[in-house]
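In what comes next, chain A is part of two complexes: it sits with chain B in the first one and with chain C in the second one.
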Partner chain A sequence: MAIGQPQQSTTEEETRDTILEVRNARVQFGMSRGQAWVLNDVDLDIYREEILAVVGESGSGKSMFASALLDAVEDPGVLSGDVTYYPEDTGTVSSDEIETFDASGSNSVDVLDLTTSELDRLRWEEISMVFQGAMNSFNPTMKILHHFHETIRAHNAVMEERMEHVRDLFDSLHLDFERVMKSYPHELSGGMKQRALIALALVLEPDVLVMDEPTAALDLLMQRSIISMLRNLRDEFGLTIVFITHDLSLVAGLADRIGVMYAFEFIEVGKPASLLKDAAHPYTRALLRSLPSLTSDLDEMKPIAGSRPDPVNIPTGCSYHPRCPIADDRCEIEDPELVDVDDGDGDHQAACFYTDQARAELEYTLHSESMEDM
Partner chain B sequence: MSTETETERERERESDDEPTTDETVDAATDTPEESSSEPLLSIDDLEVHFDAGGLVRKLLSDTTVRAVDGVNLELEEKDIVVLVGESGCGKTTLGKSAVGLQKPTGGSVSYRGQDIWEAKDNPRDADVDWAEIRRALQIIHQDPSTALNSSRRVEAILSDPLKKWRTELDAEERKETIYRYLEYVDMVPAEDYANRYPHQLSGGEKQRIVLGRALLMNPDVILADEAISALDVSLRVEMMELILDLQETFDTSYLFISHDLANARYLAKRAGGRIAIMYLGEIVEIGEPDEILKNPTHPYTKVLRWSTPSIDPDIAAEEIESQPPIRRIDVPDPADPPSGCTFHTRCPEAREACTQASPELYDTEGGTKASCFRAIPNHEYWSSPELEGEDEIGDWG
Partner chain C sequence: MRYYVQRVFQAIITFVGGLFLTYCLYRLMPGGPVQAIVADIVSRRVRQGRPVDAQEIGAQAERMTGINPEHGILEGFYEYVFNIVVYQDFGRSIGFADPVFDVLFRAMPWSLFISGYGLILGFTATVLIGTLMAWNEGTKTDSGLTVFVLTMNSIPYYVGAIFMLVVLGFEWGVLPTGGRYPQSAEPGFNPEFMIGVAKHGAMPILSTFIIGFAGGSLGMRANTVRIMGSDYLRSARLRGLSTNRILTRYLARNAILPIYTGLVIGISGVFSSGVITEQIFQYPGVGWYMFEGLQLQDYPLIMGGFVFFAGLTVIAILIADLTYGLIDPRAGDAASRESF
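Up next is the complex of A and B:
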């Protein structure tokens, strides 16, 4: 996508308080077939204390986006661009650590500029991450309590104070502190391990929690339950949550904003109410039409035609144009930027030249049958 | 699909059928097709119990895990039943027993009236022989990547079942058949795909090869174990549609395993099939998808419905504030299932009566069959005291 930075100069004055600012983030891999782009000039602001859901199919670049936020892109991937972290101004527990990141005094951290040891601190104390299937990352020979102690010691934090915080976290996650702490990982169910891991990620009170498919390996009931708990965690601890998933319906009720990724960039960003009810991008509309729910009209369901783009050979212009039913010559040449749709209040943006046409011609229904109270 | 291709496929199917029918006639004195009263597949009081403990644990306590515990299910020609449940509920074990991959410890599985394990153990007395049964009952696994030999080309992978089951075909005919089946599963141009290795295929393409390989055996029943879970969401509808199309073409019956109620609804509704909800080794509710979803009787079915998120942002926002209709999130230890109704420890409606006796599958007002006393208006359940003090939703551990 072409680089448009109209908001960059005004970031500070915006009413919405930005905690993470991503600009021109790109990740490329050298492959035998050529250069592969797995993150393609992504610009996005993440607001303080919001829950941002990043939704995309496999190979859309959503996990790469998560890794980029923590400068955790693995070799041989090369990350370029800017990721800026704005810690809170008020004197919190972590304010001492912030100074170590930034001696110049300005209240921002250039994430991609940090040394390895600074990154280690950022990753636990400011921005923490929970990966898919990470519940299996507990050491099987160590009790859960040991994992917490080890993490707290490694960061020279005050043990009693941190463990007090962990008790609060366990309460919010509906975990029995005594029972879980004295258990070995294999003695806990998958859902309990995953919740314990979320608590571990939050032990040093980071401001941002990045979660990559955190519930994908769990049963539906546990999945739904964890989703509800995340809302409470955010409210109680003032967290900013970035929730990466392939499942749009999972985040319809959870997210404050949803960002849809296609071909390694965001093609639509908006609040669930407007993005789901009246999506502006042809891809989002096609995606919504392909998702069966308990109430969807089955005759209206349709898979998305065509196949996903090859990272070595991303289509020119709009990367969705080969699959898009309303694409024309302009779409083949020119790459649309994310621009405001609707009343232009910045709440809903889409990267498409023809959003009005998409909305008029590409139909989908969220549901047709009503279901009595769940 | 044009009418022309339809008839063409139909014709090809006929010719495909011939050798198989001959085989069947050879093997069985009375043709299975004639005994129309027999269901295609009949599962009667099926039990699969595993011994979970080592010697010491065995001496100390009963460690038997009742993976499947008294299941009855019949599958007709061109039928679809979708088994839905949480992990560990026994749906895969039930599925594997149904297609002869897991020997039951009790009860029976019959294919066209022939007990399949009898056919294996006492081949002389069998009307339908074991090899024929194994051909008729096929399986598709969840992960297509591990189901295909990565060092062989698609054509080689697909020629195996033909070499075993269609010995009359020469190399050229085999090739033609393989190409034709690749076209059935929408892998066009077939020649191109036939020459590829599995790693040169996407996940969806691999799953279609696996489906094509199962169909090459001309099976009567395919067990599809989470066959679409590994696919991207936008591809799932496509795969389900393909399965439904091929069901039309080949008259195959499916036993489909899924943890996702929305996909279960899609398949069962499109195919006019049923959804069976499993809990701790038992089918607790079974019926047509609309009945199961709109008028469920079993409290566990309601839990699964609550667990399935809504895409409508208004409904979803309400749902996220709601409490699950269950008293405990975690499933009890299957080696030590609760007394009476096995769901009573989590059931928000449970009463004393539920701890005493185990309900059978009863006809319900909603049109389903459910194993819950609440389906019976004058059952002693209604006068039985409610369970006290066990409301533990505050502690989800």
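Up next is the complex of A and C:
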């Protein structure tokens, strides 16, 4: 068992309440060269009202993980394993929401076991998503307003009430309601489109918002401002946010937890403070050493040797062993699970047999200001 | 607004330019129409032993063609256009002994009837078949329809028309083989006439339909497949929109954009193909009169037909230009739209 029972693992200041539980999630693609695993046995708990940042290089399975949370993996990908959603207690569910998914009596939803119509309701009403291609997520021949209307109508929600909520969202996102609503997508700037898209994702007051590289293709200032708006949204609407990105420094100050993906699985999960200051996995350490910064010497930056693994032919044992400087025979045979490092309170976990050795032997320095805030 | 004015202006210039070129051909061709008519009059006069007076012959030729051979090309062109615009005078048909305008004007509704219906059916089939193929991409439905469409596309419409005429008209006798409506029927709002019109129009419409749909649907399929992979379609699906809405408002609407202009400009192609279609089915529309005029060397009539087809083409392109902004908000009056 990679991760301990979350409900039991309590720290002094907070109770961890799991909202999404992912177990043995695998995504398989049949390719002419053989079976490709683009999500390989992922176990993870996502806690209520946290901001979880998922980082990793291109093609590490980040987007697949995001899609898996909504059972939205595109054909011909096949998702297996378990994704369980724990809705909030019914007392706090807003009036317009259709009855929660507790038909079975228990207060949990097996996301991968829903019928099509149940899935249609789960998506957007409970778990919502902002896509990677945010620039193209609006229908170019439709005004922004109609995107909201059709979504509200498709979910049989009360139009006036929802549009009121959208006005609140637009205020929080610093968007001019009248102007944006009567525009076509091409008449908006990238940042406006992105924020309108976030509002569209939140129109039905979902509990979880999955964002797949939401700030790619935006300039740095807009990225920062969207990040700060996200934090406000989380506080204001009690959201749980899963934030997929390849930009570690962007989320360092935002996230409550960071999950690092390599070769289609999580290799390290932890609070930013401990994960960034003293990463336990050799890959994370190498990743942090390769980050560019204004103040560091170019000599200090080191690329990670080798290339990323082929999804058809993932290395046996620890998938990082071909590129890992401290790998030994055990790493080639045995696949390490995520285990607690440090004091073992579940705050920081890594999938490596030799975390102590990694910390001792592989050095890196943090430069980015936002990371030093941690 | 400026855009629309500009387009209308361009269309007028195009039309007048086309008209002028045709007119020059008409005048300058060695042994061309006007010369032929003049020669005809002269030889008749010589046979009858009457005096050959150039001015008188020129005036007579002008009455017949609307063009006075004594005048220069520019002057003559001005008079020709002036007569058309002010008096709707295209000259006098030689073969039908009526003003050309009357002959063509009487035939026009019938041409519009068969071409219009053929086009509407063709467009609908293009969009439906294209979307259907894309929706079932890679399945048997897709490849089956592709083979069907390619086959239809490779059969020239006139071969299809003759085949229909032979089978439906002569072998089975289901549909009439010529004419616009039954001889016995009284034109007006009565069932016999209306059913007759529908029956007589059926085969010309069907053969126009064949021209309309085949090529376009492959293009439609390609566009649809591209849009099915787009982010906004995926987003629409996850937002739980109904399949119906996704198909119409997202898929078809966006896939039509690139082929829309082609479809509208295709209107003129369909009308000019009427020359052959109407001849095959002996359906007296504008095309039929043009072909008759060709055989009778009825030059004024042919010239009138040219003007008709040129006008139609220009109008079709103009419509495509003016309406594209309506179906694609990104185009058209984009410059005048507030952008922020």
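Rule of thumb we're sticking to: the second predicted complex is superposed on the first by the 338 of 374 C-alpha atoms of A that agree within 3 Å, B and C clash if a C-alpha of one lies under 4 Å from a C-alpha of the other, contacts with A are read in each partner's own complex, and residues count from 1 in each chain.
Note that in this section contacts are C-beta pairs under 8 Å (C-beta built on N, C-alpha and C of every residue); 3 or more make two chains touch, one makes a residue touch a chain.
This structure is a prediction, so every number in the text was calculated from the model and none was measured.
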Room on chain A for both chain B and chain C (clash or fit): fit
Superposed model, angle subtended at chain A by chain C and chain B (C-alpha, nearest 10 degrees): 70
Which superposed partner A:189 touches (first chain B, second chain C, both, neither): both
Which of chain B and chain C A:254 touches, first, second, both or neither: first
Contacts of A:360 with chain B and chain C, given as first, second, both or neither: neither
Which of chain B and chain C A:312 touches, first, second, both or neither: neither
Which superposed partner A:142 touches (first chain B, second chain C, both, neither): second
Contacts of A:131 with chain B and chain C, given as first, second, both or neither: second
Chain A residues touched by each partner, larger count belonging to chain B or chain C: B
Partner chain in contact with A:179 - chain B first, chain C second, else both or neither: both
Minimum distance between Cα atoms of chain B and chain C in the superposition (Å): 5
Set of chain A residues, in rising order, touched by both chain B and chain C: 179, 189
Contacting residues of chain A [partner chain C, same complex]: 70, 72, 74, 120-121, 123-124, 129, 131-134, 136-142, 150-151, 154-155, 179, 183-184, 186-189, 200
Sites on chain B touched by chain A in the complex: 86-87, 202-203, 232-238, 241, 259-263, 265-266, 269-270, 293-294, 303-322, 324, 326, 329-331, 394-397
Touch list for chain A against partner chain B, complex: 57-58, 174-176, 179-180, 189, 191-192, 219-225, 227-228, 231, 246-250, 252-254, 272-273, 276-277, 286-288, 290-296, 298, 301-304, 307-308, 366-367, 371-372, 374
Contacting residues of chain C [partner chain A, same complex]: 230-232, 234-236, 238-242, 245, 249-250, 253-254, 257, 327-330, 337-340
